[in-house]
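Only one structure is covered here, and it is reproduced in the block below.
Order of writing sets the labels: A, B and C. Residues in every chain begin at 1.
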Amino acid sequence: MDILVCIKRVPDSEAQVEVKEGNVLKIEEKYTINFFDNLAVEEAIRIKEKVGGKVTVFTFGSSSSIEVLRTALAMGADEAILIEDENVPYKDEFVTAKVLSRAIKDIPYDLILCGREAFDTSSGLVGPFLGKMLGIPVITMVTKVEVKPDERQLEVEREIEEGRELLRVNLPVLLTTQKGLNEPRVPTVMGLLKAMKAQIKRIKVEDLGIKPDSIGEETKVEISKLWEEKKKRRIRWIKGTPEEMVKELIELLKSEARVL
Amino acid sequence: MDFNLTEEQEFFRRTIREVVEKMIIPKAEEIDQTDEFPWELWKEFTKLGYLGLRYPPEYGGMGLDKVSCMIFYEEITRGSVGFAQSVIMNMLMGTHFIYRFGTEEMKQRCLIPAIRGEKIATICFTEDQSGSDLASIRTTAVKDGKYWVINGKKQWITNGPICDFATVLATTDPSKGLKGLNFFLVEKGTPGFYPGQKIQKIGCRGTVTGELIFDNVRIPEENLLGEEGKGIQYLQEILDEIRIMTGAMALGIARSAYDEALEYARKRVAFGHPIGHYQLIRAKFADMATELDAARLLVWRAAWMLDKGLTCTKEAIMAKMFATETCIKVVDECTRIYGANGMALEYAPQRHFRDARFLLYGGGTHEVLRDYLGRLILGKL
Amino acid sequence: MSGILIYGEHREGRLKRVSYELLSRGREIAQQLGEKVKAVILGNQLEEVAQEASSYVDEVYLFEDPILENYNSEIYLQILEKLVKREEPSLIMAGATLQARELFPLLGGILECSVIVECVDIKIGDGKLSYVKPFYGGKILGEVIPKRYPHIVLVRPRVFQVKEKPAGQGLIRKEEVQIDMSKVEIKTLDVFKVKEKITDITEADVVVCGGRGLKAPENFNLLMELAEVLGGVVGATRAVVDAGWRPQSEQVGKSGKTVSPNLYFAIGLSGAIHHVMGMDSSKVVVAINKDPTAPIFEYADYGLVADLFEIVPILIEELKKERG
């Protein structure tokens, strides 16, 4: 089975992020492979180990994104491709999906795996956009994948609010991963060495027949302002009789804090 | 001058860091508290194959450059000092002489399983009355036909009580002093060879350190590693590497303490602000960061020289001393940043504080090293 | 392009709460901008749901058919695509539920329009709308401007308030349901309605944590009840774990687990720094402690200086009444 995985390099969840003048982000130098993308890589490799085939990982980003491609190779992916975004002035999820779709459309594949969302944007758009651009069905929040290669079908479990549902889908299909799908492996030293020595294929958007300037205009959203979420807590004392305190607390949790 | 790690080294470093964070760090406190060798973790970790980093592929190794090896030592030490000591013993001192001078059979029997984590290795220098003064060791090796007979007692041996084989420094001729020293391979099960008391330590807990007893231990003559009388010469071959490695371990301990103190300073509130807000606390971090960076550069530079085949005796000593002394300072400062909490067993700084002590004599005491470096600089006067 | 279309997501014959939130807010926005507001509902046997929704909007597009009983993205998309192309709303709103977070990005992919997910605020300025959403795990907020109609906005539940149902009724339009099954590649085999017991406290939305102030292990039953009523889990400080009152898996703190739930109750615990480091990134922290100088109050949003044995039972009661 030919499996493609789309991954993204994102800041670590603990990294400090600040907004400077001109909506410029200053991010602490702690990056990692997006958590859900890591699940996707692991699942792809597991499927390959079971039914044979090839796992190719893609990312659309800067040269530093090569890090996460190497991580995927170290886990057992066969090939890694970086589509450079250096010349693309603006990119949003739509542009990312479009670029990926161009890179993918001429490659044979049976299955595409993506993370359900990226840590930095929490949008979960690239997967569904990509699926539509390629004209294949999309199933999100997948927690289990069973391959039936002879019948060219998958049986997939995915999370819903009430629990889980079991779906059957024809290949090719794009799946997005949800926590609980698997436990990503720790790379062995052999994998690590292989990844260190691997040649990463680098593609420019021009190679895909895309003009860097004009693709920027195809973004569907624009971020006009960024600011830091106020982190410092200022305590609000709730007073009165126990009954009064409870009533006030519940009211505040409902209307002010919006957690009830 | 390119001060950067290569892309591959950066990737290696990041990956090892993640492996350590996933597998070792969660167990670090337990290892320290129970002071029990973490067999399960050992099995899990050694399966990944990282113990062969410095050996070539034909023995199941990776033949990695020394800078990457130092990065590895730093990262696993950051995870757990006790565990790291046992791992590094298998990777370096405990197996090096077999790799260099052992027969193919010995390599099959000892080196390869040690790299796979299936056997535990160790090296024995120290005795009750002999630490830095190697010439004064009293463990003897006497030739008897086609055998060597070893007698003596070794002390402070990392992995000693649980080892499957040991590289033992013994003298074949006390009158020759250093020139009478030799390395011998002694394997578990050989009659007369048995572990003695385990030492209760304040730091580096988890790794089993203790005595090894040699009571008329008969080993075949090929178990003399290399040529007779050249033991010290052989030791010189890896002395620099051992020192740099100790420096790398110092970086690991220091960084562990530093990272935690940083998070603490960002979170702990006093007088209405996180304590990191205050100048004197900021100053501490400024100084620690500077010295840690300097220490790392010394360690990497010395390792780089090893890779290039350059003599780096001075640089290795500098790296070891500076990194260790920086580490001692850093773990002290970090406990102070925690205030009273620095005394509590509940918090990590005290563990790093206790663990760091071994650096002051492991790889050579600073008293001896300083004098030696001074002599190297000033020459024979 | 004009008008607002709201996706009326429902379950078990009732509109989901977030649908009410969006119907309320959508109606407000429509009134402010002088636009029409409509709702779309897909499913089977939905008369009541449609009636409810119609009070808030001018018109409800009701698609009722057994084939729509269970959500299927490919089937639902066929309907939504046709409807949106026909009616051309400028704004489509839905709650950022698991279903919508699959369905609407797919719709956005087909229509090649703007999609904004996890919106936490809508601002109206100069007759134009802009949307706020979180980035970097919520550390940063950003104002996002959509560029291409229709604007699809998925709003985080509980951001907007449910307003009282207006008197009156909008139009309910029963629409024809025509699905081309040959184009549907996904088939639902089974649905497991499992409320799996959360064993990992880091996954819970609500954590009710107790310390030595609970005085005895059996008193944790009180916290377990509170956790249950809130749909959350119980956490514990190191002190009570070391004392053997609670299992290690519940320990919150530097040497335990780090949690960041939406709601964190710190009950009968002093707030030692290593504990705080394990829960500091919780969205909302409520501290209940008899001692007003307890350090935990430095890290809380709401503080109750009170006897937990008085407060917690009342809290449980009142919450049960709310759920009622």
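Just so it is clear, a residue touches a chain if its C-beta (ideal position, glycine included) is under 8 Å from a C-beta of that chain, and two chains touch if they have at least 3 such contacts.
Worth saying up front: this structure is predicted, and the values here are computed from it rather than measured.
The two chains most heavily joined by C-beta contacts are A-C.
Taking the mean of all protein Cα atoms as the centre, the chain whose own Cα mean lies nearest is A.
Mean C-alpha position of subunit A lies 40 Å from that of subunit B. Between subunit B and subunit C, the centres computed from C-alpha atoms are 52 Å apart. The distance from the centre of subunit A to the centre of subunit C, each centre being the mean of the chain's C-alpha atoms, comes to 22 Å.
Contact with two or more other chains is made by residues 298-299 of subunit C.
For subunit B, no residue reaches two or more other chains under the stated contact definition. Chain contact summary for the complex, subunit A toward subunit B: residues 32, 66-67, 70-71, 74, 186-190, 192-193, 195-197. Against subunit A, the residues of subunit C that register as touching in their complex are 11, 73-74, 97-99, 101-102, 105-106, 108-110, 112-118, 130, 133-148, 158-159, 161, 185-196, 203, 206, 262-263, 283-287, 297-307, 310-311, 314-315, 318-319, 322.
Across the complex, subunit B meets subunit C through its residues 29, 263-264, 267-269, 341, 346-348. Within the complex formed with subunit C, the residues of subunit A that make contact are 11, 13, 17, 19, 25, 27, 93-94, 97, 117, 119-125, 127-133, 137-141, 155, 159-170, 173, 179, 219-229, 231, 233-239, 242-243, 245-247, 249-250, 252-253, 255, 257-260. Contacts from subunit C toward subunit B in the complex involve residues 238, 254-255, 272-274, 276-277, 280, 295, 298-299.
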